[in-house]
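Scroll down for the structure; my scribbles are underneath it.
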Amino acid sequence: MKRIVSILLVVVLGYFVYTSLYVDGFDMAVSDNRQTSISDAYITKSVTSENESVTYMESTDLENGSANIVTAIVTDYRSFDTLGEVTVLFLASIGVSMVLAGFTKKYQFKMKTNRILKTGARLVVGLALVLGVYMFTHGHLSPGGGFPGGSIIGASILMMYLSEENFRARMASFKWMESLAGTVYVLIGIIGLFVATYFLENFLPTGTVGALVSAGIIPIVYILIGLKVGSEVSGIIDQFLTEEVAS
Amino acid sequence: MTITMIVVGLMALSLVTYVVSKMSKGLGSVLTILGPLVALLFFLLEGSGIASGSSIGILQFGATKLGWFFSVTMLIVYGCVAFFNPYWMKKLVHPSAYNMLYILSLAGTIGMFFAVDFIVLFIFLEIAVFASMFIIPFGKSRNAAVVYFAMSTFGSFAFLYAIFMMYGKFGSFDISFVLGQLATEPTTAIWVIILMGIAAFVKLGIFPFHIWLPMAHGNAPDTFSPILSGGLVKIGAFIAIMVVAIAPTYEVLKNSYEVMGLPILIYIVLIIAAISMVVGTLMAIKQDDAKKLIAYSSVANAGYIIVGIALNDQLSLSGAMMHIFAHAIASAAAFLSIGAVSYRTGTTKISELGGMIQKMPITYTVYLISIISMAGIPPMAGFISKWLLFQSLASHGLMFIGAAAFFGSVGSFLYVFRPLSGLFLGQLKPQHNHVKEAPIFMVVPMVILSGISLFFGVLPNGLLNFIGKIQVELGVEGITTVDTAIMGNNGLLDPTLVFINFGLGFVKAFIIFMSLSKSRKVGLMDTYTAAEFVYDPNVYHYAKSYYAPIERLYEKHPDIVALYKGLVQRVVDLGRLLQFIFFKTKPGTTALFIVLTIILVLWGEKIW
Amino acid sequence: MIQIAGLILILIGLYGLITKRNIIKMIIALNVLEIGLNLFIVSVGYVQDGIAPILTEVNNSSGLIFVDPLPQALVLTAIVIGMGTTALSLAFARKIYATHQTFDLNEMGVEE
Amino acid sequence: MVALSIINVLIAMGVALFGFTLQTSVAGVNRKIIGRMQKRYGPKWYQEFRDIFKALSKRGITHGWVFDFGVMMALGGILATAMFMPVANIIAFEGYDNFFIFVYLFAVGMLGMAMSASGSGNPLASIGVMRALSQMVGYEVPFMVVILALVSAYNTSSISGLVAIQQDLGWNIIRLPIGALVAFICLQGMLGKKPFDTFIAPAEIASGPMVEYGGKQLGMLFIMHEVSVFVEVSLFVNIFLGGGNNVIEFIAKYFVVYTLANLIANTLGRFKIDQVITFYYKVPIMLALLQAGLIIFLGWGVN
Amino acid sequence: MSQPILLIAIPLGLAFLSIILKKIKVPLLVLGLLFSSMLVFFIEKKSYIIGGFKPPFGINLVVDDYNLYFIIIVNVLFLVLVLANLSAVKPMATVLLVASAGLNGLLLTGDLFNLFVFIEIASIAAFILLTMDKQFLKVFHYIIIGTLASSLYLLGIVILYAQYGTLNMADMSGLIDGGSITPTIAYLLIFAGLAVEVKLLPFNGWVKGVLETASAFTGPLIGSLYAGVMLVVFGRVFGGVLNLSGTMVTSLTIIGVITLLAGEFMAFQSKHLRQVWLNSSIAQSGLAVILFLQGLHHVAVLVIVANIISKFVLYLVSGKIAAVIGHDKIADLKGIFMNKKALGIAFTITSLSLIGLPLFFGFFVKINILIALFQSSNMWIPALVLIAALIESAYVIRLLVTMWQVGEEGEKPETIEKPTFSLKVGFVTCAISIILGLMLLVSGVYPDLVINQSVKAGNVLSVNDEIQVFTMEGGLE
């Protein structure tokens, strides 16, 4: 009965939302070739300077040098959001460790891992770590970036945890990394404020669009984010794979 | 000295009093005496033409005769009652706070009477209310303060709403301007009149808003009950006068349906006033606590005041004002005498006392004089006002209201006699054998108040002439007096003549009495007992359920307190229900509510 | 179409939140809701025949038709935030389990 | 002070004295009549005077100052009330003989007596006072309502004014029989005659308020009682029977009213106190309101 | 130097640092907050660009009369709160720094999506802070509902983005005013999202569990600062950006009114101190929301300011009482202030201000609410507001009387012994309560500064030349 009512309610809600979005003159449907002026400016990188078009490996010294436009938005145009996002993750990792404060002993799975798994895992972990690092260093050029990169690092740590019974990452160093990465991110912002004019301003030369060393602070920020996210995710994983010390 | 200076000075004094009281309780309580007395002195010296003084911010005052009249009444009461404060310092829980709030409530009332602006009026009204509210729990009851404040706030908010209705229409808070404009907006005007009327009813303790009066007056500290009954209740009368006399009520209501030549609304008000006379009287008759009894009598007397104000003619209005004055003085004196008894014996229950006249004759005399005034018996001030009111009732031919008024009047003989007989007369309880007369500084203010009652009962014309001037100020024909006689609609009253006649009669009786052989003095236990030997004064005293035969007749009366309790219970239940519905520990429920709300709003959007 | 799918996922998530009394299931429902939301956001930025907004050697000019990059950036943020809250709520779930020995709200008996 | 010349005061005192003499005599005569009715011989017509003087001459007891003071206050109040009473064409204070003065000044005397009685310390007295006051609640209201209607209709509350109007229009008792009936029932209560003598109830509460009195206090209370009966009956005579053109007519009417009341009293038993109140709030008040309604709304009998 | 971004950046940076510099966590926290509360006084009113891109494209922070007012209050109170609970904050120092940054971000940001991020930061910080009270299940409730709420909010702004192609508040506001369609569903979703945080009635299932056990630290933080900031955000979004009209205003106002009344009803029946205040907070939020929806921003601002300050003191004192006595059942707190008069006086002043008695700040709030409502020719809302105020007065006075007086009904005080338990509350708490109480008293006698500031603040959201307010100095202006 409860379920039927709930389903009914949800369906009614869906109907109302649907009609308000698509029927009552409020046009949410995908229109063709609709570019908002803002996104257009992001794509042509013409927010501060008048810029007709951007060409890969040709345009130089633009307001933003990232070939990946999403990255450009995430780490430059709306970098402040990203700082907040990092903070959320940071908070989550602190929160997890505070909530599970008594949980210190590593969780013992019932199933024992075998040698193949262990060896395979080590192999993959190395590759995965490299992949992660690649991801966040090339975030301004290709899909990916700090967050996926960091997550991949976290995933590799998880793999180690699962495959090796006694493996325990050194959380202290992760903490240092996390802390330093975060602090440096903020510092970069503040440097922007003092060296240039604005907080988080891209005060380095942006170089050529598409080059590895380009786009000013974007790669630095993404590396920091990658390190930070990686260490935070690892921290969370570490915390989750522990259990309460029986007292 | 200007009004502004007095009001601001009193407010400052209240803080000073607090600080001084922290150092020395006695000194602080002396300040509570000096404050009102000095202010009274200024008012009397400057007369009703006292300068209003420059405004401080929004605090702007305008001198009116009406305000002067009320202020002086209030100051007399406050000044006289304050003499009791030093004696209560060690009995109170928070003596410093008491002293501060005492002066603060005075400042509130005085400020209110002279306000030219509704907001200022409201500010001071609320100050008076909350200052007094905090004093009440120093007495016997904690709930009383809450009930008082809740009821009072109900009235205040009705008033506030009315103020803002007028503001919404006329864009101003200026009292005379706004009330003057009222006739142009009849619909608003009627609402304003009703709401302000409710405010007046609540403050005065008119049925059905009277329940706070016995609770608050009966349970407040003995030093503060006289203030509540004699002073603060009269705020309601002030508001009522404002509604009926200053606002063009009769003009607004002139097209409405008429009963007995009066607009229906006025007639309803009269009926409510009549009910409150009857209810107040009946409830007062059955009280065993002397303070509660006087409190209920205030309810009944408030009915008279409202009748007088509502009729708003030459005689009734002057009767109402005279009654305000007379009742303030008399009820303060009555409460003070009960307070004095309580000071010496620690109780105000009639059935626990008896024969106090032997120990406290002056207190007894003060009580006697004040109840004579409260019952409206010559030669006290209360008679003048009742006579004027009856004149007006008779000339309007309001027979039902009249019947209620007569009932209240006769009933007042009953209830005032109950403490007189049970508390002061009769057998003295053995445990009170060592009680002494009240201290001299408690006796002095009581005697002063009694003197005022008597003086204005014999020579009221000075006061009545002033009331006449107030009436003219309010746009009503003033009361006319000839020498010592008062001109009524259908007869003359010469209080002086009445007093002289009474004096002559008394002298005759005195002569007869003295010329005859002297009686032998015997003790109170030495009485006719039908040959029974009675040795215990406790069992030989008729004070418990004094009016049992009458009380039996209406013991099954509907209880208005239960009604209010039910209302409060409903609020509590509703709150519990809401809390039960909305505050579950299950997030799913909250999510459900969110979904439901969104659906409902969207649905509303679709429909309209 | 994808928008509709996103909306449906949101509704499923809501349904789960309303009916489920199991903490883990509630967290899952919340995740479903968030995924639906993310899907919706991304689909809002879709442009007919648009390509991913990355300049590469193939798509080397900004004159091409790209899909709206902003919603994608928003989704990135939203995903990470969602992950953070999920992690936190799972930690809470573990803690609650440690105290009550159950994930089911009905069995905890703390209803007032 | 318009009215207060020595002459007026002397006249007023004369009225009071006249009232006392009249009522005491009439009461004596009535005792005779009642005696005859009961197949007794009855006392002499001046027996009441004898009783009073006897009491006054005795040496009594006192229970403290309020006991004496109350008696004086009672007698003083009642005498002052009687001084206002117009008797036929003898009016001490023309225009000032306001009805409300009678009611309230009368109460001073009553209060004095009640105070004195309670001050005696005897619970029986207190019970008597309580009953008297309770009874007052009963009879006062219907009576006042009728008077209110009259005052409202004639626009005067002066007793002499009411008398004068009746001399033009005729007696109120004829034109307003319901009101007169109510007033008479109330008079019965005021006088404390059976069936409304509950507050005295000699055999039950030993004469109630009077239980402790003897000697001069009792004598003074007798005087006070006689004067108060004079005031009460005279009010009825003046308001409903048109007073009198001369003293003889007034005395005749007075006699008739008082005797009638006495006769009725001697044919009835005694109500309990709550029966008294219930009775007054059933019959007389309804009749009074009916009469008032007839007068105020319909104007019957007043023009 | 007076860059408002530092209000966010410095605490964030310190927060990141503090996890390695564990030993000096608390000094870092105090330092950061001290810095913030100094900085707020030097901030200029203008729009600050972040990252060098002008507003519709980049994110900007806005400092205007509206939020500057609250930034000052919130930062100073945050510092004060930490100082009052210095012994308790050690484990939470990092989170507190983030919370401070989050609250400042909520107040400052001029971008709708950035607002979402800060809502998340602030609420996650709140979740973690609330674990101090060890009520995990109840916080879990908050997490679920809070996350749901922010998802709804996000959905709303995405729909708006799809419609108008911008996320900047000022830009959005202009486009909405110029546009032809009313995106009702988006408004409603945003409303639902914010309503959870501002505790409107059907949305606030989490409040009771969280706040009724709140300590002297989490209580003022969540009940006063968070609530105030969320209301400010609500005002910013619904007063400044979205342009409601027609049925929508009515429906949402009804929700506000229900919240107001139901909050007071629930508070009236509450038997525990903190339960009373949480219900009263709900009611006050309802009131502020009503005023914002009716376009009476300046009075809504007044309500928020009064509510932040008064609830701060009330939760602080109540939390301390609960900590010292061990419970907060009102019936067992008879005469608790008799041995701690200073604290009691502060508590009393604050509660009297809450119910709007003259001489206290709340009075002018009440008067101005009524003036504003009547000016917009509303008849029903003021009546309901007054009914709510009536109920509020009743329970607050009942509470005060209980806490100042000993003895059962009918007992005379002179016969009763004074309570023996003593209320050991630190000097700092007392001092803070008294100072805040005195502020309410002073601004109750001279409210002009606050009121004028509120009018300025309100005018930021929508300029209204015909605003009339009642002040001490000039009466009706």
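When the chains are written out, they are named A, B, C, D and E in that same order, and each has its own residue count from 1.
Throughout what follows, a residue touches a chain if its C-beta (ideal position, glycine included) is under 8 Å from a C-beta of that chain, and two chains touch if they have at least 3 such contacts.
As the structure is a prediction and not an experimental result, all values here were calculated from the model.
Contacts with chain A and chain E are shared by B, C.
If chain B is left out, touch-linked groups of the remaining chains read A, C, E | D. Across B-E and C-E, it is B-E that has more C-beta pairs touching.
Chain centres here are Cα means. That of chain B falls 68 Å from that of chain C. Averaging C-alpha coordinates per chain places the centre of chain C 97 Å away from that of chain D. Work out the mean CA point of chain B and of chain D, and you get 35 Å between them. Distance between chain centres (mean CA atoms), chain D to chain E: 75 Å. Residues of chain B in contact with at least two other chains: 583-587, 591-592, 595-596, 598, 602, 605.
The multi-chain contact residues of chain E, meaning those touching 2 or more other chains, are 113, 117, 120, 124, 127-128, 136-137, 140, 144, 148, 159, 161-162, 167, 184-185. Among the residues of chain A, those touching two or more other chains are numbered 6, 9-10, 13, 16-17, 20-21, 28, 36, 38-39, 42, 78, 81, 84-85, 88, 91-92, 95, 99.
By the contact rule set out at the top, the touching chain pairs are A-B, A-C, A-E, B-C, B-D, B-E, C-E.
Within the complex formed with chain C, the residues of chain B that make contact are 583-588, 591-592, 595.
Contact residues on chain B toward chain D in their complex (touch as defined above): 260, 355, 357-358, 361, 364, 368, 372, 375-378, 383, 386-387, 390-391, 393-397, 399-400, 402-403, 406-407, 410-411, 413-414, 417, 420-421, 425-427, 482-485, 488-494, 496-498, 500-510, 512-513, 516-530, 540-543, 546-547, 549-550, 552-553.
Those residues of chain C that touch chain B in the shared complex are 14, 17-21, 26, 105, 110-112.
In the complex of the two chains, the chain A residues touching chain B come out as 6, 9-10, 12-13, 16-17, 19-20.
Contact residues on chain A toward chain E in their complex (touch as defined above): 16-17, 20-21, 25-28, 36-39, 41-42, 47-48, 63, 76-81, 83-85, 87-88, 90-92, 94-95, 98-99, 175-176, 178-183, 185-187, 189-190, 192-193, 196-202.
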